[in-house]
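Below is one structure, written out as structure tokens; the observations come after it.
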């Protein structure tokens, strides 16, 4: 087992891990601000990939415009969902929004299956990123590099928005105490819809960015949802950088284990989660 | 501090340099606290003085940062909530914490049942006669027997506060901690509750955290004043009332 | 309704009878009427195979409901116990072909052991995190079984499970090969299901069941009363897993085949869907949910062309979302409330009630209610 192979796997793991991180950040945002557990998060990731497919493939727009269009479209979808399906549930029992998003996950899958069929579709990387970085025996697709850089840029940008802008301040404060926010006269309903839309849009963006590296299928979001939650458990509930660290850790573990025993890569991830629960239940960077 | 005569009897509860800090917040610092049998003991102090924290630490909801606690001569610092409860310390809550979707009767019955050593999963719960009888008795004491079939969520605020107390009482405690039992009550309800607490105090060692000065002055035998997590003064109601430091702290001046 | 309040239960009654009615205790239990209904259902439902499936899924949903309706824990991983019960039973039958009850016990034991281990991990957290953890463990078990082709058959599933005669001592044997015939099948399953329901009813009515409900309402307070809540919840988790395993064991025997999907999170989601749609916190609800669910699945699968080619999961998903939004108490819960308001009768424990529900019920209150209900 030579070092180049291991290096490649680690890098692949980092790239995958950054995608998990993006999803986990969206989940954290929505859960932190609104207390809603979005079981359909992975489904929106999947929808983002398919919308990207439509925009690039059927509408003929380029890949780069798709990166802008997809999060907006999916984000708007998220806003509609929040307004119609989730808003009535805020005053109810705590797990009801979770149940609703659970049902929604199924329904989204079926709708996509209806239009696109069950089987895998391909999504090609844009020209220019189609080839790979090669150095001796080292081989790494350029698109993956781009994906990693894009993810890092998004993570950094989101952090800046949360830390440095007014809306970010409101979001962070609202995550702590929604009553205070209302008392300050901020339109809570609208802010909530916005936060949800941002979280969902982020998932959609992750989907379209990730699409060229994998075969698209309607239920590919399910495992992503689970992994996103595992990321949050491992990285620490409510922690921004916890989501990032958790994602990277899971991505690398998955990647390395699949090098040695492909079948058990997923089990390894869950075993990691079980270990964290045993040794440090609040997660690596978790607070409470 | 007043010159209290050295108690001849072992205190029910005793703390020594009890401290609880939450990061930068010093909720309790070096608190020496004793609960003597036979007197109704009140703990007062401005907001943030550490009164609820004192209860949290005693009941094991949080552990002490440092310092020791003894209950009936046995050290309980650091024990879990359920262990402390099984040793015989019960509390009521400032924010009503009852079983909303169970009936009033069931709320009290489940508390009375907690004294059983094993949790049986075969016989019908209602066939535990002693438990049922005890629940009935507690309901009468608190005055809720007419409403026994209602869901706890259907009671008025004052009645819910009473139920909160009844639950604590039904577990047959050796020490009863009441956290602002009259919170949110009307003057009439407060008056009624005072009588109930006064009665209770004669049967079970009781420590009362309260904000309402008239309540505290009328029914307690001994008062501990907390301020910024420390014991500021202690004594009988008259002694405390006359204490100049206490008067300063309570800006109203009229206690 | 006039109430006679008796402070202490009469010695003749096993259960406290506060309503003043003269019916003996067991007739008042919902389980009795449910058992009657399920027996009669055989003659009402034209398709016996479907009816039997409803029984098995009803038990499965009931096991899930023990956790949700009574303990307040939302488990997304119940398929694990169903599947383990099925695989356990199937494997024991294939390898040793012992008495059917032995095989079923093996399945239930396997499911229960898994429940102890997984439950211990998942109960390190509560609420949402608990739910997601149950799902993650389900995925783990799924993959382990998928990879162990040699033992489990992997994606192809476990096939050709033999079924021996059922030996009843002093009675001779009942040819269970006849279990593949609809009539025998139904009544065999019915007996197992009714016995299970009786057991679950006893558990729910017991001191343990009551503590469970108090934990659902306020774990903080239950702890402050001295109850070891973690242990109690774990025990509930194991009971729940055991009954799910029993449902799986029945499944293996009936079909002669166990597919990998019985361990999947989709199968786990089925339990959630059926119970919420039927009504959590009651005995009848899960069976209604199972009936709706299975019938819908059959109907949609057969008439797919008519329904725009949308899979049955779409329709169940939509119905489920509609229930969450508009009928949170499920079909049975909503029906009960409507009937109750008609009769102007007393409120009872509403295990999925919101504060608003209780306030709505308040004007018609005239007393009465027990600690748990069917």
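Think of it as A, B and C in the order they're written, each chain with its own count starting at 1.
By definition in this document, a contact is a pair of C-beta atoms (placed from the backbone, for glycine too) under 8 Å apart; a residue touches a chain by one contact, two chains touch by 3 or more.
If you're wondering where the values come from, they're calculated on a predicted model, not measured in any experiment.
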Could you tell me between which two chains the number of C-beta pairs in contact is largest? B-C
Farthest-lying chain, centroid of Cα atoms versus that of chain C: B
Among all chains, which one's averaged Cα position is nearest the averaged Cα position of every protein chain shown? C
Rounded to the nearest whole Å, what is the centre-to-centre distance of chain A and chain C, using the mean of the C-alpha atoms as each centre? 34
How many angstrom lie between the centres of chain B and chain C, each centre taken as the mean Cα position? 41
Averaging C-alpha coordinates per chain, one finds the centres of chain A and chain B separated by a number of Å equal to 48
Interface residues, chain A side, partner chain C - complex: 31, 37, 85, 88-89, 91-96, 98-100, 102-104, 106-107, 109-111, 113-114, 222-223, 226, 229-230, 233, 237, 263-264, 266-267, 270-271, 273-274, 277-278, 281
Using the touch definition from the top, list the residues of chain C that touch chain A in their complex. 74, 76, 121, 124-125, 127-129, 131-133, 135-137, 139-140, 143-144, 146-147, 265, 269, 272-273, 276, 308-311, 313-314, 316-318, 320-321, 324-325, 328, 352, 354, 356
So in the complex, which bits of chain C are touching chain B? 3, 5, 7-9, 14-16, 18, 202-203, 205-211, 213-214, 217-218, 220-229, 232, 235, 346-347, 349-351, 353, 355, 358-359, 361-362, 365, 367-371
Provide the residue numbers of chain B that touch chain C in the complex, in ascending order. 59, 61, 81-83, 85-86, 90-91, 93, 97-103, 106, 109-111, 113-114, 116, 119-129, 132-133, 136, 148-151, 153-154, 167, 171
